[in-house]
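For reference, chains read A, B and C in written order, and residue numbers begin at 1 within each chain.
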Amino acid sequence: MARRLSDIAAELGLDLRGEDMDVAGVNTLEAAGPDEISFLANPKYVPQLASTRAGAVICSADFAGEVKRALVSDNPYLDFGRCVSLFAKAQGTLSGVHPMACIDPAARVAEGCTVYPFAYIGPRAVVGEGTVLFPGCYVGEDCSIGRGCILYPNAVLMAGTVIGDECILHAGVVLGADGFGFVPTSFGIQKIPQIGTVQIGSDVEIGANTTIDRAVLGVTSVGDSTKIDNLVQIGHNVQMGGQCLIISQVGISGSTKVGNNVTMAGQAGIAGHLSIGDGVTLGPKAGVAKDIPAGQTMGGTPAVDKGTYMRTLSVMPKLPDMYKRLQRLEKELAELKNGAEK
Amino acid sequence: MARRLSDIAAELGLDLRGEDMDVAGVNTLEAAGPDEISFLANPKYVPQLASTRAGAVICSADFAGEVKRALVSDNPYLDFGRCVSLFAKAQGTLSGVHPMACIDPAARVAEGCTVYPFAYIGPRAVVGEGTVLFPGCYVGEDCSIGRGCILYPNAVLMAGTVIGDECILHAGVVLGADGFGFVPTSFGIQKIPQIGTVQIGSDVEIGANTTIDRAVLGVTSVGDSTKIDNLVQIGHNVQMGGQCLIISQVGISGSTKVGNNVTMAGQAGIAGHLSIGDGVTLGPKAGVAKDIPAGQTMGGTPAVDKGTYMRTLSVMPKLPDMYKRLQRLEKELAELKNGAEK
Amino acid sequence: MARRLSDIAAELGLDLRGEDMDVAGVNTLEAAGPDEISFLANPKYVPQLASTRAGAVICSADFAGEVKRALVSDNPYLDFGRCVSLFAKAQGTLSGVHPMACIDPAARVAEGCTVYPFAYIGPRAVVGEGTVLFPGCYVGEDCSIGRGCILYPNAVLMAGTVIGDECILHAGVVLGADGFGFVPTSFGIQKIPQIGTVQIGSDVEIGANTTIDRAVLGVTSVGDSTKIDNLVQIGHNVQMGGQCLIISQVGISGSTKVGNNVTMAGQAGIAGHLSIGDGVTLGPKAGVAKDIPAGQTMGGTPAVDKGTYMRTLSVMPKLPDMYKRLQRLEKELAELKNGAEK
């Protein structure tokens, strides 16, 4: 299984400094052994160069002299990722359609697909070439799944959901459950039927147990190459752009529009019917109740620009003290005025 | 498939202003075509009346003159919902019990139920007439499910869970997992076995991947017509009333009592052993650590009345400036006193 | 089914005060009937002693005289838990491997395991003695599960996940989905393959729909006897100690180290690459962006020591008033200086 370091360097297009060797794998500076490659991307870990046992390190030219062997890189984290790819292997070992899967006769499953036991594909659903459905996946009627997708165990696509090519849906993802649409009336809460769908672009990854609701009318959409972490909630009729990074436990309420290249940190929450511009970054736990123009970096509840938020955070713990000082000032000023009046 | 507009008007009991037409569907003012019905409920969208291509619009009498055809309504959003119902169709196309389902011989499944492949129904479980279980559903022993319910894929009812009639459980819902009950002791953390159950009323809807834990003793309960969104957590022994609206990612800790007609916005969190009165509304991300009397609208952490919360929010970003001004005041006052003493 | 109270007292090693009786079950002071045992652990419920119909009460010696029959305990909540255990019964009634389960020929399932229909066990996976897999569970290739574990419905272990003995995984748990590792580049967002695994100790309980991601390299780990509630997110390469209590909807970002005996309350969020010391307690909704030394109790965002946090919370609603008073002070002081200058 071992590969030669020189072959890896060639494959990644990186300059090798030092002798060739056999490579067993990739690891952190702290844990790597003499037959493993590691990397230095974060300056915080420079001190570990002195003690690492790694056989080779992917790093910038500046540090190439400090390690046994270097693969010199302009972007060590990216090249580390590319290097890891050489050692990664797909999960699952099955190929073809397992007899314990259940595929409706009116579904179309392309050649080269893998369908595990206990996966279900409904009428008129279409599954593209090379796509893999793990056990417990549900693909409702009229769904369309592109080529080269992976649906990990128990991923659910309700009727009419469309996803592009090369998407990864982690275990327990639910796409196309009904949006939360109700009208309170004097005779009880009435449900607004949700007759829209969900449309996901290509090269999208969606984390475990994340939920994206179907639109009330029209579509809830996610653009190409957007990456969504675990346990995220995306409400009905949200329109999200491409190349976004949405971290775990974020919630986005119905009908909000999110631009391209938007980053939302963990546990942020966005109200409904808003517009979040291209390139916006939201800090962790941010609470957004207003539109945000393109390019802003925001934090806090209510979300404000990052500078203001960081300053507010630093003052927060002083609040009790501020209150006391305010009271003292009032007292002193009153005394002073009293004195002045006399 | 097309229906006549006049038939729809008659069915909804609405007054039609304008000529009859064939109706293909329902859509937003922005997206509707000339063969579709749209609606105006939110004043924010009045300007779209001028440009909409919709063939007909459900709106109040005030706006009936501004559109090609109007269905005049006293509650346009509600009547829009009723109109959508005419075009909605149930998900799933199967009927009867599929041979790849697994039903314990000691379970009782009523006539007219649909049980998809890979659904499991345990001993002594009872499933009412017309109820549909999608693939991957688990119904534990001694569960009871009423008439006309829908359990979407991978919904899980642990042993003894009871749900009423006409309930909708979205994909990945988990009812009746053990509550989080542990006692730290000098010899380790001890588990308190959770021997209670979960009881859900009728006409309840529960969102995808939401979890409601079984009681330690007695029941965790949810009242009739309460609607719960995705990824909500409801702890053991919570007693929730009817007609509540619980938005996504809310967490309610153990033994808290929630009244009727309570609304909780997204990501709110409620501590345990509290009492939340009838008709309370909680804002997004609210953090509740005290009882709330009936009828209050609250926001923030700690949750306070809405007026105070909104004023606090508006002051928050001024905090760094306030701190500077406080320091300056102290300095100026000290100088003044110094001067006065001289 | 009834047991004698004297037998229960003997089994728990508690002193019985009062006559013997038949015991039908365990219940709260409020709900218990004359054939049930209840308990008094929280002083808040002392007033209920006067009205309870419970046949016997587990309580400290101080209250033994106030109830019909007492089981005298130094730790009533713990002994209540032990008493409940006597009446608890395991969920599920199946034993052996069901013919509708799917087990790869290269998997090793020990004697005495129960495998429900629609559970899947992949190649080279190992399942220890007495472990139970409910319907819809997925155990990927090369996974290892210890003895006496319970995997409730639809629990998912992606390839290579290791769990110890006597663990409980509630429904919908996902262990070993890919961590959220991406590099934004000028030519698009690149995925860093996640080739590490997840390792869970023994006696660990993990709540419904909780997700724990696989490491990018090495392992994401959870120590012995840690208990995790529902809908929690644990990122890649987190290293969590033993005997921790992690309440619902907490999120822990990648590479953070959490010590032993740490408690995190609901909806807390921890940034990545941090170190949280042994015995730390985090309040609900806490937002942690810095290392926390051992033994601290922290709350708020940014998390500060509990005393400061509680004082800050109490001042928060006064903020609008403080702002007004600050403005008034400035005005008054200006007038005073004006006067002084004249």
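Please note the rule applied: contacts are C-beta pairs under 8 Å (C-beta built on N, C-alpha and C of every residue); 3 or more make two chains touch, one makes a residue touch a chain.
Owing to the predicted nature of the structure, the values given are computational and were not obtained by experimental measurement.
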Starting at chain B, fewest touch steps before arriving at chain C: 1
Same or different contact residues where chain C meets its copy chain A, judged by the half mark: different
Fitted rotation between chain A and its twin chain B in degrees, CA, nearest 5: 120
Where chain A and chain C are represented by their mean Cα positions, the distance between them in whole Å: 25
Contacts with two or more other chains, residues of chain B listed in rising order: 100, 118, 136, 154, 172, 209, 231, 249, 267, 285, 316, 319, 322, 326, 329, 333, 336, 340
Chain A to chain C touching residues, read off their complex: 26-28, 31, 75, 77-78, 80-82, 84-85, 87-88, 91-93, 98, 100, 116-118, 134-136, 152-154, 168, 170-172, 205, 207-209, 225, 227, 229-231, 243, 245, 247-249, 266-267, 284-285, 313, 316-317, 319-320, 322-323, 326, 329-330, 333, 336-337, 340
Contacting residues of chain C [partner chain A, same complex]: 100, 102, 118, 120, 122-123, 136, 138, 140-141, 154, 156, 158-159, 172, 174, 177-178, 180-185, 188-193, 195, 209, 211, 213, 216-218, 231, 233, 235, 249, 251, 253, 267, 269, 271, 287, 289, 300-302, 304, 308-309, 311-312, 314-316, 318-319, 322, 325-326, 329, 332-333, 336, 339-340
